[in-house]
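We call the chains A, B, C, D and E, going by the order they appear; numbering starts again at 1 in every chain.
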Amino acid sequence: MELYDIIFYLFAAITIISAVIVVNARNIVHAAFSLLLTFFGVSGIYVLLGADFLAVVQIMVYVGGILILLLFGVMLTNKITNVEIRSGSFQVLPAIVGLAAFAAILFGVMTSTNWKSQSFEIANTTSFELGKLLISEYVLVFELLGILLLVALIGAASIARRDKE
Amino acid sequence: MFENLLTDISLILPEVIVSVTLLLLVLVDLIFNKDKSIIPFVGLIGLFFALYFAINGLNINSTAFVVSAANNDYGLLTIDSFGSYFKVIILITSILIILFAKNSLEIKNVSERSGEFYTLIFGMILGMMFMISASDLIMIYLSVELLSLSSYVLAGFTKLRDRDTEASLKYLVYGAASSGIMLFGISIIYGLTGNTNLFIINDVFKSTSINVLAYTFSIILIFTGIGFKISAVPFHFWTPDVYEGAPISVTAFLSVASKAAGFALLIRFFKTTFLLKEVSGSWILLEGFDWQSFLIIISILTMTLGNFAALWQDNVKRMLAYSSIAHAGYMLLGIAVLSDQGLLAVMIYFLVYLLMNIGAFYIVMVISNQINSENLNDYNKLGYASPFLGVSLTVFLISLTGLPPTAGFISKLYIFISLIDANMIFVAVIAVLNSVVSLYYYIRILKHMFINESENEVPQLKVAANEIVFILILLVPTLVLGIYFSPLVDFAQNCLAILVN
Amino acid sequence: MEVGLNHFLTVSVALFSLGLYGVVTRKNAVMVLMGVELILNSANINFIAFSKFGNFSIDGQLYALFVIILAAAEAAIALAIVLNIYKRFANVNVDEINNLKE
Amino acid sequence: MSEFTNINLSLIVLLLPLFGFFIVLFFGKKFPKLYLAEVGIITLAFILSLVIGYSKLSTYLHQDILFSFTWIDFGNVPNLGNLHVDLGIKIDNLTVIMLFVVNLISMLVHIYSIAYMKDDSRYSRYFAYLGIFTFSMLGIVLTDNLLMMYIFWELVGLSSYLLIGFWYEKQSASDAGKKAFLTNRVGDIGMFIGILVLFTNYKSFSFDFIYAQIASGNLPFGSEAWLTAAGILVFLGAVGKSAQFPLHVWLPDAMEGPTPVSALIHAATMVAAGVYLVARIFVMLTADAMLVIAVVGAVTSLFAATIALTQNDIKKVLAYSTVSQLGYMVMALGVGAYTFAFFHLVTHAFFKACLFLGSGSVIHSMHHEQDIREMGGLKKKMPITYYTFLISTLAISGIPLTSGFLSKDGILAGTLAFGQLTGHWLIPIIGFSVAFLTAFYMFRLVILTFHGSPRNHHKYEHAHESPFVMVMPLVVLSTLSIFFWYTPNPISPDASWFTSNWITTPQTVVPKSASFDFMINESVESSSHNSHEEIIHSEKYTHAMHWAHYPAMIMSLIVAGLGILLAFTMYQWKKISPDKIADSVKALYKGSLNKWYVDEIYAKSFIGGTIKLGDILSWFDKWIIDGIVNGSAYVTKVFSKISGLFDAYVVDGLVNGTALFSGFVGFNFKKLQTGKVQTYIVLVVFSIIVLFFIIGPF
Amino acid sequence: MNGIPILSLITFLPVIGMILILFMPSKMAREIKITSLIITFLQIILAAILLSNFNYSAGGIYEASSFQFVEKFQWIKITGLSWIGTVKVDYFLGADGISLPMLLLTALVSFIAVISSWSINKSVKGFFALFLLLDTGMMGVFVALDFFLFYVFWELMLLPMYFLIGIWGGPRKEYAAIKFFIYTLFGSVFMLLVMIALYFSASETLADGTTVFTFNLLTLMDPTNYTTNGILSPLNPNNYRLAAYIALFVGFAIKIPMFPFHTWLPDAHVEAPTPISVILAGVLLKMGTYGILRISFPIFPEITKDLSYYIALFGVINIIYGALVALAQKDFKKLIAYSSVSHMGYVLLGMASMSTTGITGAIFQMFNHGTITAMLFLIVGVIYDRAHTRDINSFGGLANKMPVYTFFVTIAFFAAIGLPSLSGFISEALVFVGAFGVEEIRVLTMIGTLGILLGAAYMLWTLQRIFFGEFNKKWDDVLTDITFREYAMFIPLTIIIVFLGIYPSAMLDIMNASVNSLVEFLAKNAQGFTLSGM
């Protein structure tokens, strides 16, 4: 199935390249938008993995929610064109060295492992299954997430709102 | 599917009550937006209920929220007396912390937001309680996140000084990164076993052979997340900064409760996941990952670093932060013994640690309320300004050092007992030497309070009645348990049961 | 060659590393957060890929879902804190906010 | 009188002075006349001792009166049986004679002091000290065991310390006191170890018990060497007390004390205690031990005599002559002339006390002038003092009709016999030369002090005869230096009451193989040990003594005469100028004048060395040990410094991971806490890698 | 005796006093002082009662039956789960011939110390509260027969001591105090480990037939109680007994203080206020040697035997070294401090002999050193209160100015020198007698006798420099002869020193039975335990 491969490589390329831009872009807005691309790429990969519903959620939540938040953050906190993007915490070199080593180990581990696989037919339509699980077995998690969102909301509000002096 | 939902809920009544109280608080906050002074009481009532049910549940052992996909009867949560014990600790701590916060000037200054404050505190409590009983990696991750998110905010809650804002940012970045790493580790485990339920994972590990590289690596990644919570070296870096920056009541809460939750999580995680079999109280773990030496390395690093770094601190809060790191080291030793005896030691330790640490923090808070400083040099001669505070702080610090006749001695004693019983003599020697070092900085505080001459005149300290009561509540047990510790140990001994395969 | 699990894992590893790199090296707090998002995404890819290729039932996707939601909440809090920082320090440069040390 | 009464009497005699000491010490301030009580007490004690002496010598001549009680009881000691320490009293002839001597002289000195110390601020304290001294001295005399001997030995040392340093405002006085005490301690350590040796072996301190054990062949640690060692070690105590070479240095300095004290303690009694001790342990001395003792004595006597030649301080001369005479006695014991040694002890006690008191009266009248070059011609001014002094001088020089002649003659005969029997001729030679020197310097003293014309007229004018209380003792003592008290026959010591029946050489308990053969009497089987057999010397020895008798007498007369003659020619008739001689042998003269520099040597070597060592050690203690022990703190600091620099210059440039490393090594964790959250994360990543490689399967 | 828990009384009486004092307003300084005086006096009464009811023939040491005034009841009993076993701690007090002298000493010295702390005016309340707490700690150590209890009391003293030195001390008080604290804690943590290790090595059988681990010292002494595989069990071929012994010994040696762990002592003494120096030298130092006698010796007899040579060696080093260093001191108090280093050396030497005479001498020396050194420090205090300097060379000729003072000083000094007829002599002599009797350490003993000489040297030198010679006019108006209060401190001590010098049996008979049974026990087990034990 040639096409599958091509599409995969396409999305993979989009994802990774844009991700590289995200972490290196001089202009923060560029970074933000390449992040958008990354999310698209990832959702594409989801589709390839047969997680259609998740792909949609990915687009909606990330692109529709998180990214916008980030952009707001950018707007509120930054002059768009600020050149200095590298953190002065330390030289870049050691970071790269360390992270490269880390990435190498990670890669080695991930690729050299024989991952578990078992015979179990996956449903072709995921949304129903997910919904069912969500309100049955994982109802606890569902509720928990609800509370979590509430807390996050309150927390964010209480911190971000400018209190009256 | 739903038929056992009610039983499941009945098993997690404390959690339920806490979450209900949380929602209640939100409402109360909206309704009484004029006078918010009743909010803490609402919280207290909720907590007392929760505590009541937690104590009731002390001897229940079962699983809850079974995931049928795993086609067996392991659930997201495991309710056992071990968990309930820690829940009790968490709840007691929370009650104390709420009383604590009520008297804390920092919190009073932002009273108009106290609704949010307590809501977030409850968010933390809820997170901790789920951490304690979670037996599913996803559950673990989510509860950790719940705890973290609330505490990020709380660390910077009072936007009064630069330092707490900064604390919250650091906490956030650090926490986000390490929880991300943890999540990745979880995903690897998921890949290896096809499941996230600790019991099933345990089965898989027992039955099939696992690629040891991925296995080890994922464990370390997960431990990064847990280590971040219990601030074990080398994952502790956030601790001093955040502890120093955060409001003192939050610091106290983090240093006791979230640490306790982290330990409970750690213990349950590795005991449930990696236990091969249990022989007369000592745990035989699976091959492949040498938990013992791993924990010993971590703990020795932790206590040594904690103690030696504390030597240099001039800010009392920061010093206590390092001291709490050191204590985490001792407790990790208790775990490293890999036996119920070590577990017992850790559980005793936590109960005692709760008393003495909150006590110390509380007094620091009372003092900083009045002299508005946590710097050691401003403590000169304060012991005379208020002998009561001086003496009680002395007792707490001596207990933290671990000298008789205080409860601190008992907790250390049990750690050493478990170590020597396990023939880990070398480690024990390092540990005792560490406690000698620790004496030096604890005594430093006393030195400033009683011995050093203060260049500017000594400020007057007024101690309110309720403060005295609060301190006594912590002080008396610290002394009594030091002299007569049977009840303490008995209580802990009855809660050793951890539900495993 | 046949696209298999390892390809997806490679992507996720790449994302993870890049994300970590971003977290560690970017000066701007918002950028750091972007890095965090990348990390979470990589984990998600893992979950879904494993559940697909290992035929583990659909739970994997569910976990990913949880993670996404959680990411959203985290982002919200994070942004709030960043704004707060900005109010105090008039910038959001992570490396310059280091009064608490030693 | 029953033994019981004797014991009680002796106990009373012993305790009376102590009682006196306490009352005078504590109430002396309130009742300034209380010292008279002390004098009375001593007089009483003297009378009592006369009584005891009479009853002992009349009733129990050949029998000791013993009394002892358990002082410390250790109960039933594991694998040893009952162990207890006894104290007790033993009254034999030695004891009673010593009792008499001590009490008599003590009494006289008390009386003498009434006038001599009249205008002293601490008058009553002085008498108190005399009391405690007398008490301790009597203790030494009465004891029947080594422990009690040692105890009173030390107490005597204490009282001597107090009395020498009596005028402690004077630096020299307090120095002298200290010196005396410490020098004695040196000897005492030896004595103590000796006692330890004996006790360890016999689990008892009692003389008789120990001797019985030795006699029954049970040697210390089963070897004769240890027996010799024990003897010599105990003798070291005597070396200290009796100022034998090389521990003689304290005695001359002790003259810083009041003169009566010098007479009592440092001439007559305390210094003689050493001799008494040796006499007590005489029976357990092996041949080697005796030889050592003899040599030490001989050396001492010669050494001191040579110094005495050139001294100009009247008391110094007497002091060195005392040292010399003590050496004589010790030598005598060494050569086995037991009886004569003790005899000389007694006679010497009298005439030397007389000499000292005489010098005291001179000093008194000369307003505390002690330099004989300032004196002269005092004969006319103070005749009684002069004549008593002269008699004593004749006695010490060994001129016939004096007590000194008898005892000295006996000793010299003993040395001759010893020389003849063992071939150690050097000892008799030294003996005679010392006799010569003694005669010379004593008469030099007399002449320079009393004869000729006054050299310091101013002082001479004020000089006057001393009051009765001071003169009386002089008279008594000088008369005691005449022969008839001791023997009907003025030329033969053998006929004296002492030598004939009171004091007889005790039977040695040393195994034959280890003792001089002449010490054993074949006729008496050595097992039966009784110190009051008839003369128990071997035939050979008695023969030797007889052979040596007349030669000794004649030679001693000759040397003494020569000495006196020389003295007169030099100082009376001025035929030979002393200065000329001094110039001709400058080195020797200087040496003798400066006491052969012994003090200087000690000061440089032992004392200086010890103090230096102390300084060094205290430095060591302050800096090294303390440094090491709480060094950890420094180490930490140093490390943190180092790793601090390290961080500053290396880490930031290189990998932060090394900061982690250096942090752990250097205990300087501050450096890790850079405050930059991203650094932290990097550190975490590094730690993960490190941990992975530590724990991972590699 | 008839049911009265007299040991508990004598131990916890001070705590009662402390509580009383804590409830007094700090203005009532005088009342506070009087209270503590009464308390300590009551202690003396109790001690006297103990003495009068003491059975001289009872051995004690290793057999519970022959201990006296025993109080024993279960303090902690946690019937744990199978694999932890029952944790049991007894409240077990008792006295025998070794502890009674120490009890008497503690009572006496505390009383004297209270008198001498009359001059304390800085936050009196705190001082006496801490002082009494310290008192309890000291008493407790001497009566505890359960290792756990012993340890608790042992540590209980540290904190009060720290504050007493740190707050009421001299210029470098902080340094001295922390040094004392760290040193002692360093020692005692090892003791803690050994204690736990012992706990796991021996077990006792309760009345109900269950065998449990125990901290009971007497049980630990009995070889039959050891489990075959306990890490400190002699039956275990590869046990850690030697290491444990050394660790324990270091813990005690620091308190003694034994060279080279002695350096905290001069600092602590020089900085501490007089009463605390008195306590420190009078009682605290004894705890080290007492601990060795009570714990190290009977529990590790065979190792004691093996190491006795080294104990003696260190003892002799202490004697000589301490004396030499003392010789070099310019500071009166430092000199005394080093002198007590030297004197404690005798104790070590005596114990090392493991013979009746030696150990008797050692204990007696402990007592005598307690009284004599206490007196010496009081003497320093007197002069320091008046002149506010301790520089020996700045004085001179005090004998005329302060005759009575000089009188007491002379007695104390000569007692320290070991002059016969004063108590010091007896103990030193016994020590030497005992030590000389042992072949291996005979030579060491001979070297040790040099201590007699050196001791005399520095003492007499000091006496001369301070009291003889010309009087330094500078002090003319400050230096007055001693007051009534000082009489009250000196006279009892003097009487005891002289009395025990003349009639030592008064004290020796108390120890006799115990020492004999100790020696017997050591001799019996020194060859190493056998299963039959006896």
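Just so it is clear, contacts are C-beta pairs under 8 Å (C-beta built on N, C-alpha and C of every residue); 3 or more make two chains touch, one makes a residue touch a chain.
These numbers come from a predicted model, not from an experiment.
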Checklist outcome for this item: Joint neighbours (chain C and chain D) are A, B
Next on the checklist: Once every inter-chain C-beta contact is counted, which two chains account for the most?
Outcome noted: A-C
Checklist outcome for this item: Closest to the centroid of all CA atoms, by its own CA mean, is chain E
Next on the checklist: On a CA-centroid basis, which chain has its centre farthest from chain D's?
Outcome noted: A
Checklist outcome for this item: Taking each chain's centre as the mean of its CA atoms, chain C sits from chain E at a distance in Å of 66
Checklist entry - When the C-alpha atoms of chain D and chain E are each averaged to a single point, how far apart are the two points in Å? => result 37
Checklist outcome for this item: Between chain B and chain D, the Cα-mean centres are separated in Å by 78
Checklist entry - Taking each chain's centre as the mean position of its Cα atoms, how many Å separate chain B from chain C? => result 27
Checklist outcome for this item: Going by residue number, chain C touches two or more other chains at 16, 19-20, 23-25, 29, 32-33, 50-51, 54, 56-57, 59, 66, 70, 73-74, 77, 80-82, 84, 87, 94-95, 98-102
Checklist entry - Taking each residue of chain E in turn, which ones touch at least two of the other chains? => result 182
Item to check | Multi-partner residues of chain B (at least 2 other chains) | outcome: 67, 69, 138, 142, 145, 149, 152-153, 156, 159, 168-170, 173, 177, 181, 188, 191, 194, 213, 217, 240-241, 312
Checklist entry - Which pairs of chains touch one another in this structure? => result A-B, A-C, A-D, B-C, B-D, B-E, C-D, D-E
Checklist entry - Residues of chain E touching chain D in their complex? => result 179, 182-183, 259-263, 321, 324-329, 356-357, 360, 397, 399-400, 414, 419-421, 425-426, 429, 432-433, 436-437, 445-446, 449-450, 452-454, 456-457, 460-461, 464, 467-470, 504-505, 508-509, 512-513, 516, 519-520, 523
Next on the checklist: Taking the touch rule as given, give the residues of chain A at its contact with chain B in the complex, in rising order.
Outcome noted: 105-106, 108-110, 112-118, 133, 136-141, 143-145, 147-148, 150-152, 154-159, 163
Item to check | Residues of chain B touching chain D in the complex | outcome: 169-170, 173-174, 177-178, 181, 212-213, 216-217, 220-221, 224, 234-235, 237-238, 240-241, 288-290, 293-294, 297, 301, 304-305, 308-309, 311-312
Checklist entry - Which chain D residues qualify as touching chain C in the complex? => result 670-671, 673-678, 681-682, 685
Item to check | chain D - residues contacting chain A, complex | outcome: 652-657, 674, 676-679, 682, 685-686, 688-689, 692
